[in-house]
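Listed next: structures, encoded as structure tokens.
Consider the two complexes below, in which chain A is the common component and chain B and chain C are the respective partners.
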Partner chain A sequence: MEDILHHQSSQFDEELGRLRSDVLRMGGLVENQVATAIEAYGACDPRAIEETIARDQDINALEKQIDDESAQLIARRQPTAVDLRLVFGIIKIVTDLERIGDEAKKIAKGVRRICAAGSQPTQFAPAILHLAETVLVMVRESLDAFARLDSGLAQKVIVDDNGVDAEFKSIVRQLITHMTEEPNTISMVMDVIWIARSVERIGDHAKNVGEHVIFIVEGQDVRHRRLSSNGGAV
Partner chain B sequence: MRQELIRTLLLTTLAGCVALLAALVFSATVGWLVFCAGLMLQMLAHFRNFALLDRWSRAPEVDIALEGRGAWDGVFGRLYRHEKDLRALVERRNRRIDMLLAAIQALNDGVVLLDRNDQIVFCNATSEALLGLRARTDIGQSVANIVRQPEFVAYLTARDLSRPLILRSERNPGQVLSIQLISYADQRTLVQIKDVTQTDRLDRMRRDFVANVSHELRTPLTVLSGFLETLREIELTPDERQHYLALMSEQSGRMLSVVQDLLTLSSIEAAPPPEDGLIDMARILDKLRRDAESLSAGRHRIVVDADDACDLLGGEHELVSALSNLVSNAIRYTPAGGTVTIRWHANAQGGVFAVEDTGIGIEAQHIPRLTERFYRVDRGRSREAGGTGLGLAIVKHSLNRHQALLDISSTPGVGSCFAARFPGARVVTH
Partner chain C sequence: MEDILHHQSSQFDEELGRLRSDVLRMGGLVENQVATAIEAYGACDPRAIEETIARDQDINALEKQIDDESAQLIARRQPTAVDLRLVFGIIKIVTDLERIGDEAKKIAKGVRRICAAGSQPTQFAPAILHLAETVLVMVRESLDAFARLDSGLAQKVIVDDNGVDAEFKSIVRQLITHMTEEPNTISMVMDVIWIARSVERIGDHAKNVGEHVIFIVEGQDVRHRRLSSNGGAV
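Entry: the complex of A and B
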């Protein structure tokens, strides 16, 4: 970690530092977007909905910019070892961050549909908001882990995702029960399910970011580890 | 210096003399050899000192004095003293820096020092708590890498030093921070962070208060002026007239009670605490029960559960009206057929006066705000029940003036319990 943070070649170092900062700036936008999407869900607030949707463009633009910068850096500087891992990791992290942005946008659109139909999603709010807040903390911690190159924190994010998956399943069961009892709410509840699904996906992407951080720090690819340790079983 | 030169010259001359003597006694070659040997001895002496200095300079040690021989002694002494002074100076400076940093650490405000590239040079404990920084890992890191909220990043990039940034923290939801950039010492930046959550809440309460007072007074006033116009413009039968006048007096009565409550509240806030008197609780409980029964008009079951062994010390008028307010609230918000229980239990440790009802209950999110002025869970219902929205604010203030706390617990649909907890010093045992 010391090696990655404290380089000898200063010009190169500066470029890498800038790249890292750009990723974290993008991360800040994504965190904020997810928080706004959650706020929109909690309050059916049209301003928050539109803000979440509009924010996606900035995030996409930043993704392209960071990809370009990374490609340039690889071409001009030909980084090796740790530095190459860092740039590789950044390219992957950025993809996951962009996906998180997309999911946040989907949440906002779902909330807009529900509110436009005159329903209040607040009936299922406590469960979904709880899930969303857990996921928001995961996104924040995955970015903290990247900023500090802290593989321990990254590991925690990966573990937390299991809890999110379990919680998502229980929410879906609850919603299905609700639909069978009150069929006239099916279209609304379907939207709520999509929202819950997006929240769960954000958790998955945060977990991916955590895995990329571990790859950067330790040089180990921990993706799909559980799968391979089970001898290929799903 | 001069002395050393003379000394060297003397030694050389001495060697020369001995050499001359040897040349006279033996031969010129022997003379030269002796002269060379003399010079050599002098050089050896110098070399010994040099070796000493060489060894010392590799690891300057101030515990053991550096002592040279001959000409070198003075030089070594000065060098040694210089090193010693320098170390003492560094030590003093370090102590001063440590003290200054400790002072910054002790500040209640968060302080982060940034270099020219906005990288963290120092951050104190408060800033760690407020911004989520960690000095151990984040020194040398760009501050925007950790505090990523877009508003903060924009503020940092814009470098607008004229105004602070009011930031609703994402890391600690509910917390409001005021962040100010201060430029110092050649393009370096000091970030000052204050927790303004309380101030922000007070500001909001003050704004709400003014808006609420205006609203509370405007509603009945609109009704009054509407009726006045009707009375002036339209011919009415005496019956209609009576009806309108009754409504008008009801509205003016409402205004009067709002103003009355506001005055009570401000007098409680401004005036010194009332003189303590002994309050006979048995009598007060009896009075509260009778008042409750008359207000309830037989629609509720009123239960008094008290031990008579203890009385209270305090301003009787103020305390009793606070307690009776709790009882009348319970009656108002409990549907017919419900039970209202008035409890009074006390011992030397303290006393608890509680009013329990089986009423509609209050949702958890409203409870912390119940004692705010004009805060109402349900506006319509509160007015219907004749409340001004100030009752609990007055109760809380009156109790606080008697070092008592108002504890509210409630389950929606089951009932509520409002408890006034008095400290032991206010309880008198028979």
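Entry: the complex of A and C
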């Protein structure tokens, strides 16, 4: 794949390279945001909570910057074929990365509400943290897939999202049972449900990134196609 | 605005015009999906439920088609300035339209669960329907803003989203109170909460469309900027 991204114009190569590394930098920040939000959940750590909320701005700024670079690159370089697919894919990927940042911020705000109310959500922590770890791996792998333009890894992320959806549904069922048994905890449990929802949404966005990577590499639009666990369309 | 979109090449004009009308066609389908899903909510109408779920495929197919047309237009016509902003904005807008379609489908599935359980969510219908009507107007106006490249109307949609967020929070508070008072209704009320959440998300996406329209018209990226009710940045 690296070969087909090599051009006559080294200036063009440099610009495309910068664009790709900016996306990876944004991805790194986003990954870190998710990790910090989850860390805050486990520990009611006010520093981690406020950091996650404040740093969402950096991610928003990077989204604008990358969009701007992409538009300029299209206008100046008029990319075609795989280069155009790369820029097109990047335009879509940054939207998903920015939304992952939003969800991390929502998680941090949910944790802040729970901790401010004097509760500690330790009772549900194992389930939420397990889901979050899976999703964090998906985010990391979707970025690795983009960095290496590895459509196999991208496909793995897409398939992994099925497990996340099933786990999320099971967590919600448990939380509903808990609310029914202890109605006085409903407000707090609702915040845990919103947090679980945000984690699940992050999985959706990592899956979307995987789909965009496959589009870049293979020129195929795999969105809205169901993938079986061996990666074949079903 | 029409003037600056007029070109030497009538072929180019025709292609840009087709792209714009495809986006509006997709927008019309999406708007209709939201309306049908909400109609189903009010009436437990199985036909409306199944129609909404089935038709989400048409929206997904249109998203792919428009993305494809956009990429081809960039490759063949190498647009610059306002034309490039238009295509760039369209690439972002279709993502939001597709997500609105997803949320409409989620609403329909929530309604199906509630009605299948033999409940009728009439008790909460007025609040949900009120929120949905506001959001439906936002979707319609964001599409009108795109059709007419009207940044004033786009800005109105952005401001309206603040009201939707506040109304959503108030609905959730009422639903939590209801769950606490009647724990045997928790499962059903949770489905109503998911439906309210989807309606609120549709408002977010309409707001995003508004932001993309302003970018197309004014070349300004207004995302992540707070707007006051008179439209000025605060």
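Here, the second predicted complex is superposed on the first by the 222 of 234 C-alpha atoms of A that agree within 3 Å, B and C clash if a C-alpha of one lies under 4 Å from a C-alpha of the other, contacts with A are read in each partner's own complex, and residues count from 1 in each chain.
The criterion applied here is as follows: a residue touches a chain if its C-beta (ideal position, glycine included) is under 8 Å from a C-beta of that chain, and two chains touch if they have at least 3 such contacts.
All values derive from a computational prediction rather than experimental measurement.
**Q** Quick one: name whichever of chain B and chain C touches more residues of chain A.
**A** The partner with more contacted residues on chain A is C.
**Q** Should A:Asn60 be classified as contacting the first partner (chain B), the second (chain C), both, or neither?
**A** After superposing on A, A:Asn60 lies in contact with chain C but is clear of chain B.
**Q** Applying the touch criterion given at the start, work out whether A:Met179 contacts chain B, chain C, both or neither, answering first, second, both or neither.
**A** Second partner only.
**Q** Touching A:Gly17, do we find chain B (first), chain C (second), both, or neither?
**A** A:Gly17 sits against chain B, while chain C stays out of touch.
**Q** May I ask you to decide whether A:Asp150 touches chain B, chain C, both, or neither, giving the answer as first, second, both or neither?
**A** Touch partner of A:Asp150: chain B, not chain C.
**Q** If you stack the two complexes on chain A, which partner ends up touching A:Val82: first (chain B), second (chain C), both, or neither?
**A** Neither partner.
**Q** With both complexes overlaid on chain A, does A:Leu129 touch chain B (first), chain C (second), both or neither?
**A** In the superposition, A:Leu129 contacts neither chain B nor chain C.
**Q** Taking the superposition on A as described, I'd like to know which of chain B and chain C A:Leu29 touches: first, second, both or neither.
**A** In the superposed model, A:Leu29 contacts chain B only, not chain C.
**Q** Tell me, which parts of chain C touch chain A in their complex?
**A** Going by the criterion above, the answer is residues 57, 60-61, 63-64, 67-68, 70-71, 74-75, 78, 80-81, 84-85, 88, 91-92, 95, 172, 176, 179-180, 183-184, 186-187, 190, 193, 197, 221, 223-224.
**Q** Any idea which chain B residues touch chain A in the complex?
**A** 132, 134, 137-138, 140-142, 144-146, 148-150, 153, 170-171
**Q** Using the touch rule from the top, collect the residues of chain A that touch chain B in their complex.
**A** 5-6, 17, 20-21, 24-25, 27-29, 31-32, 35, 140, 143-144, 147-148, 150
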